[in-house]
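The structure that follows is given in the form of structure tokens.
Labels run A, B, C, D and E following the written order; every chain starts at residue 1.
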Amino acid sequence: MDILRTENMTKSFGGVVANNNLSIGIPEGKITALIGPNGSGKTTFINVVTGVHPITSGKVYFKDRDISGLDVNVISRMGIARTFQKIRLFENLSVIENVLVARKPFYKSGPISVVLNTPKFKREERDNREKALELLKLVGLEDKAYDSPTGMAYGLRRCLEIARALALEPQLLFLDEPAAGMTRDEFKVIMDLIIILKERGITTLLVEHTMDFIKAVADWVYVLNFGQVIAQGKFEEIERDPLVLKAYLGEE
Amino acid sequence: MKLNKVLVLAIVLLLGVAALGATIKIALVAPFTGLGSILGDYIKMGAQLALEEINAAGGINGNMLEMLVYDDAANPSTAANVVRRALFQDNVVAVFGPNMSSAVIGVHPLAQQAKIPMLVGATSPSFRYTKIPNDFLFRLRADDEVKVVQLVKYAVEVLGIKKPGVIYGSTDYCLAALEVAKAEFPKYGVEIVAMEQIKEGDKDATGQLLKLKNAGFDGLIGLTHESEAAVTVNQLRQLQIDVPIIGFSAWGVPAFTDLAPEAAIGVYSVQGFNPVDPDPAVVAFVEAYKARWDGKEPSDPAQAYYDGMYLLAEAIKNVGTDGTKIAQYLATKANIFGVQGELKCDEHHNFTNVCLISQFDGKDWRIINKMF
Amino acid sequence: MFLLETRDLSVSYNEVPALRKVSIKAAKGEVISVLGPNGAGKTTLLKSISGLVPSEPGSKVFLNGEEIQNLAPHKITRLGVIHVPEGRQVFAELTVQENLEVAATRIGLAKARPNIERVYELFSELKPRKGQMAGTLSGGEQQMLAIGRAIVSEPLIMMIDEPSMGLAPVIVKRIFETLKKFVKDAGLTMLIVEQNAKLSLPMSDRVYIVSQGQIKLEGSVEEVKSDERIREMYFGGK
Amino acid sequence: MKKLLFIAGAILAIILFPILNKNMYHLYLMNRALIHAILATGLVFLTGFAGQISLGQAGFYAIGAYSSAYFTVKLGMPIPVGIIIGIAISVLAGFLLSIPSFKLKAFFLSLVTIAFGQIVWMLVINLTPITGGPYGFFGIPFYSLGNKMLSFGQVFWIFGALLVLCVYIMFRIKHSHFGRAMLAMNDDDVATESCGISTKRLKIAAFGFAAGLAGLAGALYAHLAGFLSPEPFTFFESSNFVAMAVVGGLRHMSGGVVGGIGLTLLPEFLRFGGWENYYLMVTSLIVIVIIIFMPMGLGPILENLFRKTFRLKRSNTKTL
Amino acid sequence: MMLQDILQNIVSGASIGATYGLVGLGVVFLWLTISRINFANISSAMLGAYLFYTFYTMVKLGFFLSFVLSVGVIALYGLGLRIFIYEPIRKRGGGRLEFVVATLMLCTFWLNLIIVTYGALPKPFPPVFGGSKDFITIGSIRIPTLYLNIYLVIAALMVLIYFILNKTLIGKSFRAAAQNREAAALMGIDVKVTTSLSFVMATCVVGIAGILLAPIYFVSLELGGGSIGVKGFASAVLGGLTNPYGTILGGISLGLLENFSTLYISSTYRDIISFSVLVAVLILKPSGIFNWKGKKI
């Protein structure tokens, strides 16, 4: 079963066609990788599916529901979370608050209970803080919970972004180059994390240029070039595909 | 030279104060900041000139006058602050100003509450005593109804305007005049053919003038402030529209003619004051004013507040510094001759109804007619 | 004499030390790799050399034997120390072409024209995007542009922070080959911060391992490779 | 505990002021200062927290003032009803003004808010039958209980209570999921949306809240002054309101209060005694100097001073 | 209505609109070069006009010398803006809004400084660009010579600014420094020099505008506090804040809109109409209608 499916999805920016008639399925509960040369449309794919860029034509189905054209926040609340290729944190909030922002959809208290500071709201706040701390622990940031994310090392910022995405309790998680700029040691943490998530039933779509990473975790790989799928399959098959070798891996 | 004068004056003042002890505190509320500050200096200089003259002549029964100056920024809301300060903190004997009609209507109840007379140069007919019976509120110059009545009369009877077109601004000064004009013209069986607004600060009146032209106007009635008057006449000349022009009091001042020295030639205006008026009182005032203020020429509000200071001094001399008594005296007994001629409180609580019709000859405003 | 040398270079952010008395040397034509875990201070090292962050009193940076630690960043750049910063830092609202032209400030536009053409040859992906706003480029395209800008300005020393980040393997190979060629042909001196040691070590002459703001290990590539922990960390125990 | 102390201190100050000072002018001025504090507090919320610029706040101030005046004078409603209607209409206008903010950023938005302020101001001037136009709107009833007029001191208590209430509401909202979401939106729209948060709704709410406070301020002013004219509702006033928020401290609870009161009193101290020509220059220079040397505003500095004198520690739930 | 009248209205509307655009050029320039809006932009116009008036009418230095001196003083003022306002705020972590408020206050400061030094009365401007009686007649339409001179200067400034910003290396480094100071420094750009130059050039453009517009607006406070400031800003926004040609076009259309709503709808509601149209246009095309490159901020 595919949790997300695109049908003839096209996205163009003026003359540039970044995604060209893509029909892709992301199998539920699996880790799918999306790779391809720079500028092949991977990030654009994520942006279109999550509603950040309006779709030019075609359809996107999430659990068989048409989600093309919906607002970003609506799509996120349906259970699709993401990280950004260029990390986007809330620099004026502390680490834990960054995570708590993504817990907002789970709060039931309205402005009135907030202003009256009702016990119900207090309980809710406490519960969500606990939940946020739990997530920070998962990514190894619990001791930095009350620090500012500004100036934090790149890898930690990346982990925080993932924790924030997980706070949405997503069913589908998009990770845009989570291992970029990390040593093997460091991206192992993220690798392990993705596998834990898989065990918990979260589907992941992974965009990466680190082949070791893909090799270790991906169940299925799509290769894009010029906005189109040029190959798909298990990593071992892809690795040997001449088209991929030439366009992406750069080996003869 | 100038410094000397000031020094001597200061010493005289100080000696006076030291010798006689008590001073009589008077408030002056006027605009000194922002775009509306054109009038503030005139008002202050007029009032201060009178005050210095009075003090130099020994004060009032030996007591010196002291003037506290407050800025109302031409904003009634600020005026409400500063008038309160004058009345309830600085405990003045009388308040001059505010000079803006809407501010006066807003704050005059405070004068009543504090029982302190308020003498204003604001000119809107909307606060005549008959409409707002405040025993403590007085006006120091002819109100605009008086002036517009004369303007309309002259436009119809002398200039022979049959189809007047009006251009007016958006302040209460302009709108109040417009109301009077709308009521006055029909009395002569003349209908205004078109009325167009030009906003304060606008620098193009082509659209408005074209509309007037298309309505077939045969005379322009200008009810705007000075800058817009200049814009209007300049563009009339550009559009080659040749009609008689008669403007309201803001059209009869150098602030207008300086800006449009050529285009303004031939324009008529109804004035409250004309510095070339041969009336000896006016001549004396203009000379004294120029001598005191580095050759600057006085204007309508300057003479009004100058007169006002003498009126007040007269009242205090006769009844002392009690506000209620001063107000009563001003309303019933006060009667002096000032720059504007005889000053005497009428049923509107206006001290004078003097106004002039003049025409600009390229240099001065030539007086055609002076009405009392 | 060394072309570039730091002596006791220390940097703090809000009184928290990020670099402590770091001394490194680079001779002309040498390629130096700087390795280290996240937050070790590698980026800070490059930034303090290029003058973007002030170093603490007592720190010294020599270029050709002259002290440059107190110069403003643009002056250091004009001396030929070119820093390709972490996170690309392209001018988002200039076009690709304009980004490259601005990089010509050091040597003048006329002299830089052929270099710009070379960049387009090297990164053919950028050529059709000449007129596109750099902010709308894909991540990898921005990285190419950032490196391209450095090439345009004809560096004496190139300090490059994680060049492979976000680039497809095919491009990474191309870049490293090019850099090698520059070193060989033009005698370029390089300081590479790169997490992917597999890529940077083969072309390096010497290596510094930084951790917690200090130099932990220094030596030739072979020496470093033989260190057990390093192999574990960067080569997956291979 | 510490918070309680602070609040108790504030309340005590409000209660004591009119008892200790009976000068009509001082009380009137402080009442106006409180009104400005309420308005500036709304701006702190809108700009400092939610990140939306408004240079047209005088528009809402006018809407609140004229609505309440109209409904009490022309339709004979009691003052509280008039004030509530004034707030309601302002809030609606605030909702309306939030629409451009969905698409427009920073300075494009600031132009729209300037235009909004200008439009309201020109409507005030031109809708003479409703507003009195440039002549002004007179005879607005003063606060009273039964048929007994309240004193300025009692009005001061009411205004003070309202201000405390407004700040308290803002405090609670800031320290809730709503406040966090707004601060997040201030940092990064897209990332906030990706957290499942509708930034449109947040913007509507923020504009509505700030407009509501401005409307409240306007209505309170109308009944305090007893008359209205177009002058206090110009762009100049809008920019003064923003200055209050910035001088007080955009990102601080106390910003609106400190800035609102400070910038109301400052020119009043300088307006007299030969200064009448110069005080505006001096005031604007003082504001510039404050911004240059303390761009974070006076609020945080006063808060620190307060903390030091009372030896309070920073609360440990850190909000950056 | 006669065709001739309509043409005349077009000419007048476009002329007054062009003056808005001219002032807007200063806004665009500073926005492109330091990403800030100077709300005291228009004060430079007032200062320019009063300076020229002082040198020409009061000190009687002759046109050329007066002009050069005025622009020189304005240039110094621009430098001062950077050194005493912009840099300190930026260094201490103040953002755009702090700069906005500081410049708004600066506007008040200059206005009142002029009031205390020159008085509040508007002063006539010497007819150096053409007297009030000099017209060019085309068919039955009359255009004051003054405006023709202004058109020329506007066209020149517009092209010059476009050229500097888009065609010269220095212009590109201005823009680069505005977008990313650190990266600009790493390109060898002296950011201090570029920001200084930006401020100097932006204030000079508006200062020159002030001298040019003084015959129309008079040597008056309106040049430093009236609606022309807002309308200049509006023109710049219509041009997307980035496009000098778009800004002039934006100003001209604003002027036309005003004059035609006067002619066909109502002079009373003119400004309400034009501001409403402005808002509507911005909502429909957030990056400015006269910004064909479609750049976003």
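Heads up, the rule we're going with is that contacts are C-beta pairs under 8 Å (C-beta built on N, C-alpha and C of every residue); 3 or more make two chains touch, one makes a residue touch a chain.
The UniProt protein names, listed by chain, are D = Inner-membrane translocator.
Since the model is a prediction, treat every value here as computed from it, not as a measurement.
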item	value
Given chain B and chain E, the chains that contact each of them	D
Touching chain B and also chain C, the following chains	E
Farthest-lying chain, centroid of Cα atoms versus that of chain D (Inner-membrane translocator)	C
Pair joined by the larger number of C-beta contacts - A-D, C-E	A-D
Where chain C and chain D (Inner-membrane translocator) are represented by their mean Cα positions, the distance between them in whole Å	51
Chain centre separation in whole Å, for chain D (Inner-membrane translocator) relative to chain B (CA means)	36
Mean-CA-position distance for chain E and chain D (Inner-membrane translocator) (Å)	32
Centre distance in Å when chain A and chain C are each reduced to the mean of their C-alpha atoms	30
Two or more partner chains touched - positions in chain E	112, 115, 268, 271
Where chain C touches two or more other chains, by residue	none
Touching two or more other chains - residue numbers and ranges from chain B	32-34, 40, 170
Contacting chain pairs - touch in the sense defined above	A-C, A-D, B-D, B-E, C-E, D-E
Residues of chain E defined as touching chain D (Inner-membrane translocator) within the complex	31, 37, 39, 84-85, 88-89, 92-98, 100-102, 104-106, 108-109, 112-113, 115-116, 230, 233-234, 237, 241, 268-269, 271-272, 275-276, 278-279, 282-283, 286-288, 297
Residues of chain D (Inner-membrane translocator) defined as touching chain A within the complex	168-169, 172-173, 176-178, 180-181, 183-184, 186-188, 190-200, 205, 316, 318-320
Parts of chain C lying in touch with chain A, wherever the complex brings them together	13, 37-39, 86-87, 125, 132, 136-141, 143-144, 162, 165-174, 195, 197, 232-236
Contact footprint of chain E on chain D (Inner-membrane translocator) as seen in their complex	47, 53, 55, 99-100, 103-108, 110-112, 114-116, 118-119, 122-123, 126, 235-236, 239, 242-243, 246-247, 250, 277-278, 280-281, 283-285, 287-288, 291-296
Partner chain C, residues of chain E touching it in the complex	169, 172-173, 175-176, 179-180, 182-191, 295
